[in-house]
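For reference, the structures are reproduced in the following blocks.
Common to both upcoming complexes is chain A, partnered first by chain B, then by chain C.
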Partner chain A sequence: MGQLTELISQIITYTAIYALTSIGIVIGGRTGIFNISGEGIMLTAASAGFISAYTTGSWFIGFLVGAIVGGLFGLILIALHETLEINQFILGITLVILGTGISDLLYKIIIGVQLFAPEAPPVPQISIPLLSQIPIIGTLFNQNVIVYFTYLITAAAYYFFYHTRLGLETRAIGEDPQSADVVGINVKKRRYIATIVGGMLMGMAGTYLPMIITGTYTTNIANGRGFMAIGIAIFASWRPERAFLGAFIFATIEILAFQQQLSGSDFPYQFLLMIPFISVLIIMWLFRKKVEFPASLGQAYSRE
Partner chain B sequence: MDKNITVLETKNISKSFGKVKALKDVNFSLYRGEIHGLLGENGAGKSTLMKVLYGLYSADQGDIFINDNKVNISSPLDSIKLGIGMIHQSSTLVPEFTALENVILGIEGKKLSLDLSGERIKVKKLANEFGLDFPLDVKVKNLSAGIKQKVEIIRALYRGAKILILDEPTTSLVENEFDQLLKSIKALVAEGVTVVFITHKIREVLQACDRASVLKDGEMMGTVSTTNTTKEELVEFMFQNKDIDVTDSALPVIELPEVKLSKEPVCSVKNISVKAQDKDGVNLQDISFDIYKGEIFGIAGISGNGQKEIAEAIINPRRINQGDIFINGESIAKLKTIEVFEKGLFYTPEDRKKEAILPSGTITENMLLGHHREKRFQHNGILNWNKITKEAQQSIREFQVKTPDEKTPIGDLSGGNIQRVVIGRALINELNLLITHNPTSGLDMGSVEFVFNKLVELKENNCGVLYINEDLDELMLISDRIGVVHAGKLVAIFTREQYDKYKIGSLMIGG
Partner chain C sequence: MVDNTKKIQNDTQMTRFWQSAKPYLLAVIISFSVSGILIGILGYNVPRAFQALLLKSFSSQRGFIQTLQKFIPLTLATYAFAIPFRIKFFNIGGWGQMLFGGSMVAIVGIALASFNLPAIIMIPILLLVAMAAGAFLSLIAGALKTYYNINPIISTIMLNFVAYYFVNFVATTNPWKASLGHPMTLKIPESGRLPELLPGLHMGILIVLLIIFIIHFMTNKMVLGYEINATGINQHAAKVYGINMERTLMLTFLMGGAMAGLGGGIEVMGVHHRLIEGFALTSGAQYGIFGILTALICKGNPLGVPVSALFISALLVGADAMQRTAQVPVEIVFVTQALVVLLIVVFRSTGNK
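Let's turn to the complex of A and B:
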């Protein structure tokens, strides 16, 4: 019982990483902007967020800086795409490379090499009264604040896209920007907002890694999760609530592979490390015919 | 119509795209409550002028006045607020959304929630009033072109449009639907709405409009009252100095040669069924027809009812699930596309820019496409570019392609010139059967005439032609017989004596 609760608790803690990143991708994607730079955003936000939290001693400032960094990456992508008409995917790849380089650079300049790894300030844990007392699933309500934020974002994004007029309009842009344009929706503005907000969520997911998962910044801390989140967004057919489900599945796979590694079996750990990535391929293959895309995903729009 | 009140006026509107002057000092005015035809051949600038009025293009110079006030229109939102609504030539509805969602999309309001019960009643009432009813809760992708048009009109009216611009509204309508549309337009005009009716068909203008303005090469040729004008006068306006006889559907007059059809069909399609390749495709069910030597066999149907699938089944017969196809009595069911071409077939696809050419390739390269495996273009297995270039230069002369040279990327040419290359490519070798899908769509009169002449030439040379087109006027002009497709079935075949727009039209929409 205790073991199972512990396992679920860990999975939920990891779910937040994938959920925030993939919902960030989903939000941009719903306006047609496919931001594939999640890995670069996560790395830079991990570094910048951790440095800020460590130097100020405030977890909140850490996440705030992470979100700003992510938003900036989003802004760079959308601004270059809209003004210079550069292909979204080229920009995305460039930002991944930029983020990979900049994250270590920042850390080395500001923190440098230290004898003991600097520790992140603790992020508050909150137990919801009553709910957290339920056996097993109570652990869903005994988590750090960012996990609750993730629940909130999932619900809010779902409500926004499927129950508000603004959400309907946003989805219209992703389906057919010209149709949205002719009814007077400002396509460009909405694309800017969505890409920046999406970037901010990805940034928070990046900061989450040193703050919650490892406790300190390490090189390549995102470890491909930014790419796997793209798979989740696709598996989710670009729906936020399904992205959360996908995040939970991937977190489960990652934790189980990790547990296997700790259990000291003879199975080569290199293979265990591959499991999450291979799972992406398998899941993408299984769902290849079921997934749906916003029709204008990845395409530029201009009137003339 | 109230002749004393001008609701909209443009003064000296000019607009260029790169080097091309699309509009030159255009003056245009609308009276309140009139149906105003905007005539002109493809590329004359009709849509460009209206897109300027709708805020999709910004004019390089010139002024727009609404109710005598100078206005600034820089986006569709500005235009909507000024009471202008536009029904675009191709649907601008979001396919994945329901009709009702599309109608309310983008309407400004404080309401956050997507509860549409209030709107539902209002939209229903509005649609009912003008005879424009449509199912509210069906996804637009499942609606026919005629119904989509109704949704678009109601969407504009729901935003309070007083000036309604219809851009080529009859393109995907059959005759019966056109009558219905006209009825609705008349009802709108009775309520004080002003309608701009863009078309290239003179017949429709004379039938529907109070006045008509004619654009030619971006210039306004003049405005006439339809009661005081004749077909001949409008033709003169539209095609001045062009040495072409034109029908009232704005098609070149052609003389069909008397060709004695062969006894044996050149192409025989026998009971073929084909499963759709993608989600939105159509399943072909039990289709049979013969095409004889020297015959132009037309296929009529609303776009997306299996026309493309029929063409593709013939050039890629291995997709056929049931039935067989014979070319000169020989089954081709097991052949690859390249082997089908060797039997003297060629295909010019519907989507000229996406499917027929490689836009950044040169004219020479594009002319070679599909012929690249032929021995005569090779030297020891390597492409012989000298020979290919010579042949391309010859084709450019023969088909009068307007281009600086054969090295120009084909994507830089106009639609008419691209089509000349595409047709030219098909005619390099002697053909038994040409399959051609909408070859004239969007072309200027000279290029349409070119296409027609080539088809007539093929006919004289005993080649069969499978001519797929949505435009019934055109099919009736040039085809010896017309087969009608609907929902993947061939529902009827008409011979020339049996042609009847209404009969064929109602079969096209499943009547």
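Let's turn to the complex of A and C:
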């Protein structure tokens, strides 16, 4: 029992990474902007966020800086796309490479090589009275602050997109920007906001890695998770609440593969680690008729 | 009169040249100024850093050989992106295709060890295996697009990671793994290794030169090259004129993947002679991702690929030299390169407006 609780607790801790990143992608995607630069954002935000948290001693400033970095990446992407109509995917992949370079560069310049790996300041753990006492499921309510923030964001994004007029309008942009424009929705403004907010969430997920998962910054700390989140967004049919579910599944696989590796059994753990990536392909293939896509995803829109 | 027309012609040629060269020059000048300022602010010796960065590759024989070493995998990785990009499809999977090519060469090479085949048979077999492996991976993406309309950007990214874990699987698992030390496979037999032409430079360079020649020939002289160009310029028109879109798509992915696979295979056959666990991130295969940038610099133009790959290889070698002589972190150069590409893309699209 204790072991199972421990396992679920760990999975939930990892779920936050995938959920924040993929919901970030979903939010931009709903307005038609497909931001594939999550990996680059996560790396840069991991580095910048960790450095700020370490030097100030404040976990909060760390995540704040991470979010700002992510927002900046989003801003660069959307500004270049909207003003010059540069292909979103070209921008995305260039930002990934830019982010990979910047993250290590920042760390080398500011922190450099240290005898002992610098440690991130602790992020507060909160256990919610009563709820956290429930056996097994209680572990959902005995987590770090950012996990609660992730719950909140998931619920808020779901509520926004499916229960508010503003959300409905925003979804309309992703389906048909021209009609949305005709009805008087400010397509450009919404796209800017959505991409920046999406980038901020991805940035927080990046900062989460050194702050919670590893405790310090290391090269290539995102390790493909930014790309996996793209798969989750697709798996989720671009719905935030399903993205959370997808994040939970991917996190489960990652934890199980990790345990398999530790257990020293003969089954190659590498195949477990392949599962999320292969499953994205299989899901896209199996549900190709059912997977919803915002119809204008990835396409530029200009009034002319 | 005649002189005048000629002069005007010359002038328009000059402006045209200037127009097409402008984005590149501006991008390079701005990015290098930014990195120069950055290097200066950080307190490094700017002239010394730039001297190492720009001159190292061509000022010494060793630097030049190092440049060619990087040029081999980088050129092939660049083709992997550039060829499908001709018809406006994105193969982000060059990295994975290189890894898979390298892994399969190791597997087949070790499997054939006991047959004692001569090099003249062994080397072509392994090169073909490498190409087939890379093409296999990219064709999955091509087929998913052709038959199920699944975006190749997504599928190739996913396949990258499948290949990434496959490398680690091969390097750590029997019957391939070496018994001791860092996770890696046994060596491939002597007859499967690419001989050295000069100390530090293996035969892969000749293979790459041959590939460059073939691709030039194909682009300019063959129907396929024409079809790819036509499809890239206007899909609908190409369709009307009877060019089979699906076939062209599959062919470009096949060729792109084969080039990447070859790049990975050559790394194993020429440099390491085995598959090492860090292959994906430390060997020439790491340029699988860089190839995208390099291809974007030349807009995916096959004729521009070698030039742009040489430029980036020289910078990579310069970056290492800069870190050694002026202690400037190499990442500054990575950032500069990404900036160069970003600015080229920006200036190109502002130029078009």
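Note that the second predicted complex is superposed on the first by the 280 of 304 C-alpha atoms of A that agree within 3 Å, B and C clash if a C-alpha of one lies under 4 Å from a C-alpha of the other, contacts with A are read in each partner's own complex, and residues count from 1 in each chain.
Basically, contacts are C-beta pairs under 8 Å (C-beta built on N, C-alpha and C of every residue); 3 or more make two chains touch, one makes a residue touch a chain.
Treat the numbers as computed from the prediction; the structure is a model and nothing was measured.
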Per-residue touch tally on chain A - higher for chain B or for chain C: C
Partner chain in contact with A:A156 - chain B first, chain C second, else both or neither: neither
Chain B versus chain C as contact partner of A:I136, first or second or both or neither: neither
Partner chain(s) touched by A:A180 [first = chain B, second = chain C, both, neither]: first
First, second, both or neither for A:I128, with chain B first and chain C second: neither
Partner chain in contact with A:I278 - chain B first, chain C second, else both or neither: second
Partner chain in contact with A:K108 - chain B first, chain C second, else both or neither: second
Which of chain B and chain C A:A172 touches, first, second, both or neither: first
Contacts of A:L84 with chain B and chain C, given as first, second, both or neither: second
Contacts on chain A seen with chain B and repeated with chain C across the two complexes: none
Chain B partner contacts - residues on chain A that touch it in the complex: 162-169, 171-172, 175-176, 178-186, 295, 303-304
For the chain C and chain A complex, residues of the former touching the latter: 42, 90, 92, 144, 148-150, 153-155, 157-162, 164-166, 168-169, 172-173, 281, 289-290, 292-293, 296, 329, 331-332, 334-335, 337-339, 341-342, 345-346, 349-350, 353
Chain A residues touching chain C - in the complex, by the definition given at the top: 36, 80, 84-86, 89-91, 93-98, 100-102, 104-105, 108-109, 220, 224, 227-228, 230-231, 234, 268, 270-271, 273-274, 277-278, 280-281, 284-285, 288
In the complex with chain A, residue positions of chain B that touch it: 17, 54, 56-57, 75-77, 80, 86, 88, 92-97, 101-102, 104-109, 111-114, 155, 159
